[in-house]
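Can you read through this structure? Questions will come right after.
Letters A, B, C, D, E and F mark the chains as written, and numbering starts fresh at 1 in each.
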Amino acid sequence: MVRLLPPGHARLERATSLGVEVGGAELNTAAGLVRLGHSAAWVSRLPDNPLGRLVHNRVWESGVEPRVQLAADGRCGLYFLEEGAAPRPSGIVYDRAGSSFAAQPADAFDWPRLLSGARWFHVTGITPALGDTPLSATRTALRVAKALGLTTSIDLNYRAKLWDADAAGRVMGELLHDCDVLLAGTEDAANLFGVTGADFAAVARQLCDRFGLRTVAGVKREAPGVWRNRFGGVGYHRGEFHETPWYEVEIVDRLGAGDAFAAGLIHGLLAGDFGRGLHVGAAFGALKHTVPGDLPTSDLVEVEAVLAGGGLRVQR
Amino acid sequence: MVRLLPPGHARLERATSLGVEVGGAELNTAAGLVRLGHSAAWVSRLPDNPLGRLVHNRVWESGVEPRVQLAADGRCGLYFLEEGAAPRPSGIVYDRAGSSFAAQPADAFDWPRLLSGARWFHVTGITPALGDTPLSATRTALRVAKALGLTTSIDLNYRAKLWDADAAGRVMGELLHDCDVLLAGTEDAANLFGVTGADFAAVARQLCDRFGLRTVAGVKREAPGVWRNRFGGVGYHRGEFHETPWYEVEIVDRLGAGDAFAAGLIHGLLAGDFGRGLHVGAAFGALKHTVPGDLPTSDLVEVEAVLAGGGLRVQR
Amino acid sequence: MVRLLPPGHARLERATSLGVEVGGAELNTAAGLVRLGHSAAWVSRLPDNPLGRLVHNRVWESGVEPRVQLAADGRCGLYFLEEGAAPRPSGIVYDRAGSSFAAQPADAFDWPRLLSGARWFHVTGITPALGDTPLSATRTALRVAKALGLTTSIDLNYRAKLWDADAAGRVMGELLHDCDVLLAGTEDAANLFGVTGADFAAVARQLCDRFGLRTVAGVKREAPGVWRNRFGGVGYHRGEFHETPWYEVEIVDRLGAGDAFAAGLIHGLLAGDFGRGLHVGAAFGALKHTVPGDLPTSDLVEVEAVLAGGGLRVQR
Amino acid sequence: MVRLLPPGHARLERATSLGVEVGGAELNTAAGLVRLGHSAAWVSRLPDNPLGRLVHNRVWESGVEPRVQLAADGRCGLYFLEEGAAPRPSGIVYDRAGSSFAAQPADAFDWPRLLSGARWFHVTGITPALGDTPLSATRTALRVAKALGLTTSIDLNYRAKLWDADAAGRVMGELLHDCDVLLAGTEDAANLFGVTGADFAAVARQLCDRFGLRTVAGVKREAPGVWRNRFGGVGYHRGEFHETPWYEVEIVDRLGAGDAFAAGLIHGLLAGDFGRGLHVGAAFGALKHTVPGDLPTSDLVEVEAVLAGGGLRVQR
Amino acid sequence: MVRLLPPGHARLERATSLGVEVGGAELNTAAGLVRLGHSAAWVSRLPDNPLGRLVHNRVWESGVEPRVQLAADGRCGLYFLEEGAAPRPSGIVYDRAGSSFAAQPADAFDWPRLLSGARWFHVTGITPALGDTPLSATRTALRVAKALGLTTSIDLNYRAKLWDADAAGRVMGELLHDCDVLLAGTEDAANLFGVTGADFAAVARQLCDRFGLRTVAGVKREAPGVWRNRFGGVGYHRGEFHETPWYEVEIVDRLGAGDAFAAGLIHGLLAGDFGRGLHVGAAFGALKHTVPGDLPTSDLVEVEAVLAGGGLRVQR
Amino acid sequence: MVRLLPPGHARLERATSLGVEVGGAELNTAAGLVRLGHSAAWVSRLPDNPLGRLVHNRVWESGVEPRVQLAADGRCGLYFLEEGAAPRPSGIVYDRAGSSFAAQPADAFDWPRLLSGARWFHVTGITPALGDTPLSATRTALRVAKALGLTTSIDLNYRAKLWDADAAGRVMGELLHDCDVLLAGTEDAANLFGVTGADFAAVARQLCDRFGLRTVAGVKREAPGVWRNRFGGVGYHRGEFHETPWYEVEIVDRLGAGDAFAAGLIHGLLAGDFGRGLHVGAAFGALKHTVPGDLPTSDLVEVEAVLAGGGLRVQR
């Protein structure tokens, strides 16, 4: 999607200009993986017009390979961001009805070919919420991925503006059958699956039991202000609870932190080290808050500096 | 609609920011009438979200009264403008599918109340092209306007991206039965009605004959460059052809010149003086080229200076 | 007035550009009332030049009706804002000498007509400080308002750069005879009237006694930084002291918060509910800190979210 | 003065930001002389506030020595520029009433000290138009300059918004008694002195006769557009008429070209070479059109390139 | 290289901000080929710091594959552009001494591997001018390219600031032994090789004779202004002279037009059609003038519209 | 040096524009002294191109006299700043290799003439690190300064990217023989001289003993965030330890605070009052954090307000 944001904390309804960024949950994670040293591709469908090409160019710029159809039908999904400040939260106006991706025909994507040679497939709960063919494509992609031996991960990412919790719970529960790694927060777990518990560990244990998972992870966040948060990661892996320290973050751009966390987690899991993944994910997600745009732009050097507790003095 | 334009002649597909303007054919004309000393209202339907309010606020700012429904359904129509330079023309990406206006239910507008007390009703060929209910609303509005004794005007404004010429010709031809003043160019006349001729006068005469009109007017334009044009007005009224001088225009913003011309024409006709209207329209349209945005921001003082052939020295 | 502010915390003396906003104490409150669902008009006198029209247009944009004289004499009042950062406070350079408003002739305003049909009249202590005719106009307006049965409110808003405290105390004390609701802080009460006390309640009680008022209200503020404050409202009504919680505010623009508070207070009092007014005023004032410009742009939805203690997570 | 200009050809009444430049007729000429290799000082009176310091800093930046009083009274003169485009000329809103300079007390400037060691004194017709004390200061400065043996020059620069032509003609005529070099156009000569003629030479000859001058010079300009002009210099010296070629100028900023011409002319005359001065002035004035702001920023290298007819290819 | 350009025609010495673009002669041509539907890679050496990554990212964004070494030594080449306006040409301040590319060690590039699978190798006269190792690398690359059966092209692109004409002539003459297609203008031909003639055809014929070439092509340009030029292509192929029409160009950004022409020419030659290449090159080069930045962003659709003489009306 | 900073916390590698500031350790201190009421000159060597003139102009603008050679050789030193946010510190990419200053020939500066009439000479440890001739020039300047009776100060300012600690320690130790006042932090003292201790006082005492100094001073800083610090000054003078209160600073621009501190310290010492210097320095340094750019722009009025504990309310 293309993100449009009035600069200077202006209200959308008084905007005289809008900054342009490109983002999207899966794309953000793919870009994060590139930053962490992996190669990654992003599958989507965009309109064959300047806006579609804008997204396409920016995906290339991020180092992610755009495996993208440029379609004659549909439009480019947009969202408008309005930055808040305490006591007013930031808000988003989604404008993605009728997107080329949502308008995809059945069998638009040749998944066996698209996934050939890959090690990991990642998708979020936003994609199947976009319509019946996107849901069907998600289902197929997960099945093909499993059949080809890829590891699969799903980030629940429930969006109440897209579908209701019952439908989401039913669909996501079904998709989890082809999922190895679940990214989820306790709130989504309660809303979608009715799973509640005293803490993340309790919830994650039930999710593992119910869906036959070995790994559930998510972020933790405290928000004393819109522009200053505390952030970290929590996870449950092979029956054990893990947790990172809290990071104090001065926020430049709040969006995409969870997707960056997912990239760090996958980075660790690709090396067979869940703990490493959790810590890299938390540091990478914390760092995402410090740069404008949806896509993470830190690298392992910066991640290691955070993990080592490096200070805040000017580097010169 | 909200217009989004990358500054500095940037290409849309490389845009990092977009300037925000508000415009629309009928709104532009209404704003022009306010500038020329009249009161005017604009009837529309907008989403009840920050983008809808953006349009609403800017309409107020222009001095036009927004008789606008803020609707729960639909989205805000957008268009993206990409400025060219010779030998590349400027281009527009329309993104108005699914707008709240197009999604209007039948009988959304109470025309007898909305038109009560008005002297003139103006609409363009874009509005009926937006869907069946917009067409039906246009038809009703014109009939109510005539029944209430208003003068009515239609600007053909054929947009090939919205409908084909056959459909447009059929519909516009029907709507012209309730029309007093037609704004049209020879190209649209040929495309929609198959009316051709040696020059504007020949075409206008046939249009008057076929549709029972007394008045047809339009703009004339020569484009040696994207940023330098020659501009003026032509008209056919009660059987006589009128023409203004050519104005050399240094273009700041090309859009809305025809709508400003319409405002000037109506200004003259409201005073019963077609010739005055044609000349004010041409000068007002020429002046529109010199200001950013879709809406005209000149006034009669500036119009008179142009008509008087005032020079180009700094006014101090 | 037109506000000119160098972006990026630049110092005025090194400014290369200035952002343009429009504001003014009474206008800010009027715009706040429009946001809270009321209709409001603003009475003023502006030069008939592009700067006067700039103010005029922006007043329309805010939804306030500009009952404004466009005058041939005088200039447009300006003020230059320079943003600070701890330990340096923000500063203002006023440049409003010779404004068209200050230059108003006697009887410039036909108050019986201007106030006809209104329910409330609000003015601040800045207006009578601008000169003898503005003072006279204020006095007349208050008397006419009372005669027509309007409720009247005065915000003391003492500006030491405009007049000395003795003169201000004398004048404002006299004007308070036609005032129903006083907005004041303890500092102004001490400076202008010599009224001191242990706390707001003690001061407010004395003000009520001396000036025959039933209602005195004001804001409370703690400023640990220039860009982070604590804010709330205090009031004394029919002999009882009221107080809102403190709100932690991340400041985007500090100006106009007191004027927004006044709008919220009037909103409540128009419904006969002082407590509601105090709480809406405090939330509305807190929200004003979060948007650029002098004018409040929140609405009751946002106010209710603050009153309900809604969190700071992105709304999506 | 501080110049405020909305970017992007925006209209002042819709401005959301204003670019800040510093200029003034005499200052522009002084800065031009510094660029051409001379030292120059500028005498003025500014308010002791951030705006006054803004002017002060920018004068330093230009290399001109600011011999400036920072005064407690008065304000900083401003002007707002609104750029036009054919067929609409650019316009200026002056806002300099009450400036610290206009508010100068009698004998504010110690001219013998200020002019000590200088070779040339230059003033324009704007300064004496600002009030009685500015006029008196101009008169004194010219007399002291002559007494100290300086060459003096006056640029008529008639501003109809400041005074009427009769008063201006009377005052300027008197001041010309202490003037060696007059810069004037035929229009001002007609308006102020009633001197008319077939061409510049005829007018200049009469001016020389009437005021006992040896040298009169001015610019010539044709304006087919607001942003494209033809420009050059004309002069009458010791009874002979001189003229430069026409330069085609693509205009970036129209203001200050005449002041730059004056700098070039003085540059030549300081070396005793009127013809050189006229040609340097014309080239320097033409070059001024190509840079933003009131102050010229070209140097002799660029002047020589223009005089040599250097082409327009990128210099690399 | 990174290009830094003060916006708004500001002079570099008064710049307060600089726009950032990425370009370079060979990169511009590669990006042009991608736009015309080919795949292309760019070989270079950049510092492993944020500036090097800036270039790297932008190359990806353009669709060109960056075959780039990120080196620990050297810096990122910069150039500062200052836009002129008639009568002042634009100017460039190069700041590329000590670049990582110039600091390349011998045998930095494995040309057989880098060129494997390619059909064409293109280089300009700027690269060998950067130092001994860049020259040596150029020589090797050309030889390897020929050995592998690639077609090779050289754009003379003589830069007097980098080396003197004698040295350039000697080196380029030697390199031409491995060159199939020469891009050159008559001025460079005269300066470097002493080849002069009545017109392009005469010069090109001699170049072909002397260096055993079949194809020489170049651009033609007339510059009545800095911002309006006439542009086209000329060529000599298998003994025949070819020429395109002149295109009137409104210039948005002058740089990179010759490199875009080269891309169009190669596009045609890759299809075995020199005439097509010349015409596509001229149209593509004309279009390059209309977009900001060094890299062409038009495509074949826009090229065809220019070739078909499409008009300048807004495309909607 | 010229500082280039992407606005809006953008990453350098994604920058589309860069803000331009001018700074440098000694220049910053000189500008601070001008702000505090002194006259100051800055000695340097700059390239005779637009970038060199940019620095030259800005030095003038700051009120510092540029005693600068405009040289034909060398380039203009640049540095790129990338702003961080917790947990990511800000970073700097220096690009000053090959600067005109570093390329100075032996005896480039005539120190006896340059220092004639001055009271104080200040230099930092950055200058001798730039090469052999800069070191030699520093050594000569210090000796000449002492011989002429000036007070001398050195700010250690160790930059690990320029030289290693051993070399720096050896050179700086030697230079300290001609130094009266040392500015240093405990970290540099340990790295360069191996001097460690329990606190600043212990370290400073040893530095005084080893180098025969009477005065050592420095800043103290705590960094809970990148954009919020605590700041103050510490000093050791004639055997006694001094310390200022901590100031909470909201940071607008972090760079140059130590140089501003040095200016305040010198201001006090010029009046013979070390304590005053330490407190003015700490307040002046705290204030530097609140303005953009390297150069301090506060004055004694603002310093006194901070020293008096003035609050953070808007000054109006």
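Everything below uses one rule, namely that a residue touches a chain if its C-beta (ideal position, glycine included) is under 8 Å from a C-beta of that chain, and two chains touch if they have at least 3 such contacts.
Here the structure is a predicted model, which means the values were calculated and not measured.
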{"item": "Shared chain contacts [chain B and chain C, defined touch]", "value": "A, D"}
{"item": "Furthest chain, CA centroid comparison against chain C", "value": "E"}
{"item": "Chain at maximum distance from chain B, centres defined as averaged CA atoms", "value": "F"}
{"item": "Distance from the mean Cα position of chain F to that of chain D, given in whole angstrom", "value": "41"}
{"item": "Inter-centroid spacing, chain F versus chain A (mean Cα positions, whole Å)", "value": "45"}
{"item": "Set of chain A residues in contact with two or more other chains", "value": "7, 11, 13-14, 16, 57"}
{"item": "Interchain pairs in contact, sorted by label", "value": "A-B, A-C, A-E, A-F, B-C, B-D, B-E, C-D, C-F, D-E, D-F, E-F"}
{"item": "Contacting residues of chain C [partner chain F, same complex]", "value": "8-11, 13-14, 84-92, 94, 159, 161, 223-227, 254-255"}
{"item": "Touching residues on chain F, where the partner in the complex is chain C", "value": "7, 19, 228, 247-252, 283, 286-287, 289-293, 297-298, 302, 305-306, 310-316"}
{"item": "Chain D contact footprint on chain F (complex, rising order)", "value": "57-58, 60-63"}
{"item": "Chain C contact footprint on chain D (complex, rising order)", "value": "4, 7, 11-20, 49-51, 53-54, 56-57, 75-76, 78, 80, 82, 93, 95, 97-98"}
